[in-house]
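Okay, so chain A shows up in both of these, paired with chain B first and chain C after.
And then the complex of A and B:
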């Protein structure tokens, strides 16, 4: 079985400043890491490999430093890694990114059975690249999957949508985007890390190698332009409740009834009597 | 000359940091308070090769370069110094002598198990009357047929409470003229190998430091490491290497305290502004940042000399001396920046402060490091 996992390097911190002119993140200010959901997608691929035996290709587009997450993927158990790296492709939006990834996959892994992506990235959170990639490669696809099983050439996936669990089946070749619900990523072994740097197994492709030039970028490239970026302002408030423990807890429960219910997922009326009985 | 970390070193740092923050950060304060060795996490670390950092691949190790190995120790110690101590002692002074001095048979027998963590190692030189004066060991080893009979007491043995194997320094009198120390590979299951109570220490409390008693302990002749009388040679070479590990550990503690202090200084409001905006605090932070950067370069220089195969004893002593002093200063400043909260067990800097001190003491006190450095400097023709 041939698996392709699409990965993205994201900044390690969540609050990065924006470049006011381009509306993109100042990624140069923070160290990069493998996007968490991508790590879950890779873990799903690794579990398939362990269960059914498979060959895993990890692929990413990014600056030369993005090689780091490919080495990590190799350390974790991927067999091959591809970096698409070219200044011409910098600043691509999801539309352009999915097109470039599709071109690279057609060229480098035409015989894939299953494509796995993270459901979304921690830096831009659009969740678009996976589904757009399915569109460009004309594949059956399911986003936000929690679990997958393979039976011959049939893929069965489970996912949670609008508070319903649904199970879908599709035939290979197919694409899934993996949520962070299951497939808890394993830790990298130190032997794996060492080995990932001993082998020269990261293939680097520039735009030319994919047959992409400036005019193709013009027609197939980014369709969106960020007009304005702003940070949502949040305000903290300190509230001091005074009195005996019993009165303070009652007051707290009454005052924040709705918020507590939302946080614990059940009505506050269920816990109130427990407190009052005490 | 390369001063910036390469991609491999960055990735190793990130990976180990992720592991330490996920597995050790939630328990570090508790295992310190209760002085418990975190066996579950140690099991995970075994599976991830933390016990075979520089063991060649043929024996199942990770075969890392010395900077990579130092980064691993730094990152574990940044979160939990006591666990950092466990792996730095195991790798730095228990496994290293096997790599340097063991026979092929000894390597085949022990290295795969040491590298996988199936057996955890210790290094037992220190005795009640032999600390800085390593030549004054009183434990004896008397040849009896194909065995040696060991008698004596080792104190302050890191990993002592849980080790499966320890390198024991003991006096042998084979030439009948003068007593010389030799090193024996002693498994904890050998008859006459006994452990003392765990020490109640100021810092590194989650490491099971204990005494070891050898009461007519019978050790097979084939478990002599190196040759008879090689004790001093093996001891000094091993401590040179161990000092790189302790320097890395001290640096990790300093990094943890420094990060906590910077974070706190940005958050803590006094005089209606964050204390990080006060020049006094900024001076502290600038000193911490500078000293730490200098310490790191000194450490990595010792590592790269070692990897080149050049003598590195003097540089390892410099790194150990400086990193441990920096760790003590930075952890002290971190407590100072935290004010009263820093003196409370509620904040990690209190633990870092206690953990840092011993890095100036074990594997050669700062005074002994200066002795090593001065000897080396004074013996050089070109300075």
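And then the complex of A and C:
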């Protein structure tokens, strides 16, 4: 069985500066990590490999530093790793990314049986690349799966969508996006990580290797344009309360009784305004 | 019945009509946008025995309804809907398609956008029309800590999925009339390759913290499982849910479903109580959309205390117990 796991390196931060000139986030300023949901997708692949024996190709698109997560995938048990890396491809939206990934998969692992993606990423959170990749490769697919079983060439998945618990079946080749409800990721061993660096096992593909040039980018590339990225403005109150539990709780409840009442839909306002503040 | 008027389409996602009014909210916003770009609002209703939804969407602002009523559409089918809308969109060329960011919508919309070779933004929390007449799509990223303004310049339709609760529905008016087009099921509809083996309604999400108005989160500062368990008591009093940090999950004080942060749930409560949490980035990454944060911690220097609107310097368990006692006295239905 041939499995392909699509991974993404995401910044380990909650905000990044926006570069007006290039119209992208300064991802280079933050340390990267494997996107959490991608770890669950990789874990699902590793469990399939243990149970049925399979060959796992891990693939990502990103800057050279994204090799780190491929090394991590190799250390965990992936057999092959592919990095798609080219400045021409930077800033791709999900429409373009799914096309580029599809081109790489068609070139490097055309005989795959199952493609696994994380259900969404912790940075852009679109959850769109998986479904769009299924569309580009014309595959049966299911998003946010919690569990999968394989019987011959038939894939059976379980998932929870919009208050419905569903069991779905489809034939290989197929695509799933894996939720974080199950397939708790295993840890990387240090030895495994060291070994993954000893072998020269990350294949690096540039746009040219995929037959992608500037004019292909024009026709198949991004459909959306990010005009601006900004921090959500929040007006913080900055109130500090100190003292015994009894005094701080009374002070807190009196000061914010309206706010709390509104949030919980019940009144906690004092009947007698003895401690009512100004 | 083609029209030269621009059209804004709203996908009728009626499956959880009574719990989730996102389609009505989108109709309301579509009416708003349609006024600016001089378009009509068109609702798509596909299913079996759908008269109720046709009536509701008309009453809530649709000018036109494209309806297909067929037993084959009795349960939701991504693949059938894709084929139907792909055909319709190619024939009628809508300017904008809005889809509710339900689980269904967020799986369906990207595939539709890919087929129509157009752009899509995800889980928008704001929509507007730019000076150039384009749909301005405001989408959250980094757990809602950042917002992006996105446009689809050259391709049509302009597509967005929109988070439930973002817009307010228009009050219904059952006297409103819409042009209802009952269309036949296309005869070239491909057989779905994904088979629905079984499905049942599930209440599992109803108590999910992702949509709770009040959330009580606990960290390692709760010291032990007994103390942590009292958070449930406070959450119950406030009609909210309980969240936890990674160390708490590892300690076995809470289930994985309670994990809040980068690798867990992103929450958006009106009030967040944070008990004994230092504020590691893996946790705070999930708090970008909390309106008002109350942190309780012995250490005033903790990141969580600096992020908070109200920082209470005290023992988390003591404050928790006192708060429960006081609220019990005060809460009136």
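Heads up, the rule we're going with is that the second predicted complex is superposed on the first by the 229 of 278 C-alpha atoms of A that agree within 3 Å, B and C clash if a C-alpha of one lies under 4 Å from a C-alpha of the other, contacts with A are read in each partner's own complex, and residues count from 1 in each chain.
We take it that a contact is a pair of C-beta atoms (placed from the backbone, for glycine too) under 8 Å apart; a residue touches a chain by one contact, two chains touch by 3 or more.
None of the values given here were measured: they were computed from a predicted structure.
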Touched partner set for A:29, first chain B, second chain C, both or neither: neither
When both partners are placed on the shared chain, which of chain B and chain C touches more of chain A: C
Partner chain in contact with A:236 - chain B first, chain C second, else both or neither: second
Chain B versus chain C as contact partner of A:263, first or second or both or neither: second
First, second, both or neither for A:90, with chain B first and chain C second: neither
First (chain B), second (chain C), both or neither touched by A:189: first
Those residues of chain A which chain B touches in one complex and chain C touches in the other: 12
Residues of chain A touching chain C in the complex: 12-16, 36, 93-95, 98, 122-129, 131-132, 134-136, 140-144, 156, 160-171, 180-181, 184, 222-232, 236-246, 248-250, 252-253, 256-257, 259-260, 262-270
Contact set on chain C toward chain A in their complex: 15-16, 19-20, 102-104, 106-111, 113-115, 117-123, 136-137, 139-155, 193-206, 213-214, 238-240, 256-257, 262-264, 266, 269-271, 281, 284-285, 288-289, 292, 294, 300, 307-315, 318-319, 321-323, 326-327, 330-333
Of chain B, residues touching chain A in the complex: 7-8, 10-12, 14-15, 18-19, 44, 47-50, 52-53, 57, 61-64, 68, 72
Of chain A, residues touching chain B in the complex: 12, 31, 33, 65, 67-68, 71-72, 75, 187-191, 193-194, 197
